[in-house]
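My questions all concern the structure below.
Going in written order, the chains are labelled A, B, C and D, and every chain counts its residues from 1.
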């Protein structure tokens, strides 16, 4: 154990806790991946926290697959519009220049290559970039939704996830055990401990949390990785 | 002038047991609650239902399913409806899942008179099992056949008497696709205006696709904001 | 030759001419096939004359495949709108309730089964209802346009044509010699001499022009037909 | 705020020899004459052109073809352009014809990231020759692969700075389809308004699909009524 002592939070699944909330740590780091003018899609959970870390007035289009391009943010009861939700069911508002479209055109944007980044959480991810986040046979099978298309067809797929399961088991594996959402689709994995980049050849540890260390990362990562010669902290 | 307006009861007159019914909507927005209620009243059984999701327990198509009227559900995601997931797990409801945009494309293909589309979505997953693989320019794709229905139930913000429809915001979703893909298309509308009053370039679904238009009248509460989704 | 003497008009291709223009005769008869509220598509030539024979204010939607549902009629220079033409390039106006759509939705209407009747001219038509009207190999090959879809997918396909070619050759054949537009697609053939109905079993002469007779029709028709027991004149 | 407006010259900066270019329009309405003129100026050669028709002699894409810049034309009908038909018959231009709505679907499929569509249009005709036949639920269909382009040239009646587009009347035609199906989408617009000024439900093509917006300025005469088509 390192001096930066690791505390396993039961029912949280977060490792290496400092004073900062791991969800904040992950979403803050993820926000740095977005370039001005991009079109992004945010899965449920941690990804929804990303916009709060962006510079104000940064030009950006948030796509929600139920047919809105230009999501603003969630709104309170007073501003909730019965005709305006995101794909998670949250009442939202829109930015100037937002548009609505049907479900076919909404996914044409995704599959046609216009979506710059998808941010998703996951159950498992492999060192090859395979993703498994839609089904646990016999236990959890709510359907596919937009996950396969968002994972397989975004120009970049960034996984924002706790480094392990709530039970402390590795999520970053050699091979996914669960049925895949899509194969070789993940470009970057951001956890509270590390940032891994996945190339066609290998998984590379690019950054390590300043609250963590290499040993901790290694212990909680089943997939093989190479440590970048330019390893930095975040 | 053509006048397609009628009561909900008249509109679903020929809807019957064992039929295939498409229902618009993604969550509350765009779900035709009034028309769904009419089918509950008719108590048609053994229906095949095509809808993005199953609404939430006690609401919309979930009521049809809970009422035992649905044999088979073709859908994309049931994450917000544990009641329907339970019925699926018990074997009381047959469920077929498709990726959301592929479900949209299959419906659209039905409306466009195509036999099928070919997509690589899910090609490396269990979705490939039991599906026909087609090679196209050296790439492998899955053959996804077109979906059509006997009836499509559509919710529009506005209609004219000729059946031209306009949708509001995210209430559009599957509605314009399904409005092309059924033998009988019934649209409920929040407002009905005289034919010619909707600017032609702003019409989302041409009336040529629509058979009946039903005025909703005062909006029942289920069309409103779902309090538990307000953050 | 019958008393109603047949005159072959060089460069016209019309037979059995009375004082009435054969194009008028054909289009007038064709107009009777339209029921109120239907959606129809009119090919170039004789079909464009059909609306002038309809009762005023008859509810009807004329579809033009370039993306308009609810064509009114052609307009003069003063009323021509640079953004409003039909598929033949003619400047038109629209009826109240008309709508515009893109080329995909326009043909979805056709292929999806919403088009009640297509009226088309033709080069050849067979007794089985095969249609050939898009290409004469080596001579005339301007492309397919909307013809195949309109012929193959309309609920009813009605051919409005001169009974023979300009050279006096039969157009209603046992088998088409030219490449097909679509097979077994024709429901009704209306010429200046006759009205043929085509069923899956046979071609039936349903009506004969009052200016013509059975012998004339038979002489200029290559395809086999049965004379209806309820043969009437028009 | 995103501002995608630029000059026509800047917009086509990376357009080059041997590329595939889709051009909107059906006749004059919706044809982007200004952008076409810019490609004539650039004199890029050996282009593959995808357009419903070839306009008429001396007009629009016909000028590109007459100028010897086009190697291959993928189209639906050339009935109004005997000049281009003559070039085709001489072997100076390779032409590939598709049924009009199938051409539209192939382009749409490219935009929607599908590999292909399967259709029974033309199944009993010479179109079947050399095409892959796919069996689907017991029926035979032709596999029609998706079409994409390096550039799409679009004409819109109105755009905002973010690239949201609105089309006018029959000038819509292939434009919204092509606007989804190219790696670089350039829209010329008759009017450019500030972002947010077009009501969101009335936008035909979301700006997310559009890379550059070019203001036309005073409309040149080729956008006007073609006198010989007035009856």
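Everything that follows uses one rule, which is that a contact is a pair of C-beta atoms (placed from the backbone, for glycine too) under 8 Å apart; a residue touches a chain by one contact, two chains touch by 3 or more.
Remember, predicted model here, so these are calculated numbers, not experimental data.
Visitor: Could you run down the chains that neighbour subunit A and subunit D together?
Guide: B
Visitor: Quick one: which chain's Cα centre is the longest way from subunit D's?
Guide: A
Visitor: Any idea whether A-B or B-C has more C-beta pairs in contact?
Guide: A-B
Visitor: Hey, how far is the Cα centre of subunit B from the one of subunit D, in Å?
Guide: A distance of 32 Å separates the two centres.
Visitor: So what's the Cα centroid distance for subunit A and subunit C, whole Å?
Guide: Roughly 59 Å separates the two chain centres.
Visitor: Give, as an integer number of Å, the spacing between the C-alpha centres of subunit C and subunit B.
Guide: That gives a centre separation of 37 Å.
Visitor: Specify, in ascending order, the residues of subunit B that touch 2 or more different other chains.
Guide: 105, 108, 112-114, 119-120, 167-169, 172, 200-201
Visitor: Among the residues of subunit C, pick out those that touch two or more other chains and give their numbers.
Guide: 100-101, 104, 107-108, 110-111, 153
Visitor: Which pairs of chains touch each other?
Guide: Contacting pairs: A-B, A-D, B-C, B-D, C-D.
Visitor: Quick check: in the complex, which residue numbers of subunit B touch subunit C?
Guide: 1-2, 108, 110-114, 160-162, 164, 180-181, 183, 195-196, 200-201, 203, 206-209
Visitor: Sort out for me which residues of subunit D touch subunit B in the complex.
Guide: So the residues of subunit D in touch with subunit B come to 105, 109, 112-120, 132, 134, 136-137, 139, 141, 143, 145, 166-169, 172, 200-202, 204.
Visitor: Under the definition above, what is the set of subunit A residues touching subunit B in their complex?
Guide: The touching residues are 64-68, 74-77, 80-87, 89-91, 100-104, 106-108, 110-111, 141-149, 152-153, 179-184.
Visitor: So in the complex, which bits of subunit B are touching subunit A?
Guide: Subunit B residues touching subunit A: 26-30, 52-53, 75-80, 85, 88, 95, 97-105, 108, 119-122, 124-127, 157, 167-177, 223-227, 229-231.
Visitor: Which positions of subunit A touch subunit D when the two form their complex?
Guide: Answer in residue numbers: 37, 39, 59, 61, 63, 69-70, 94, 96-101, 104-105, 107-114, 153.
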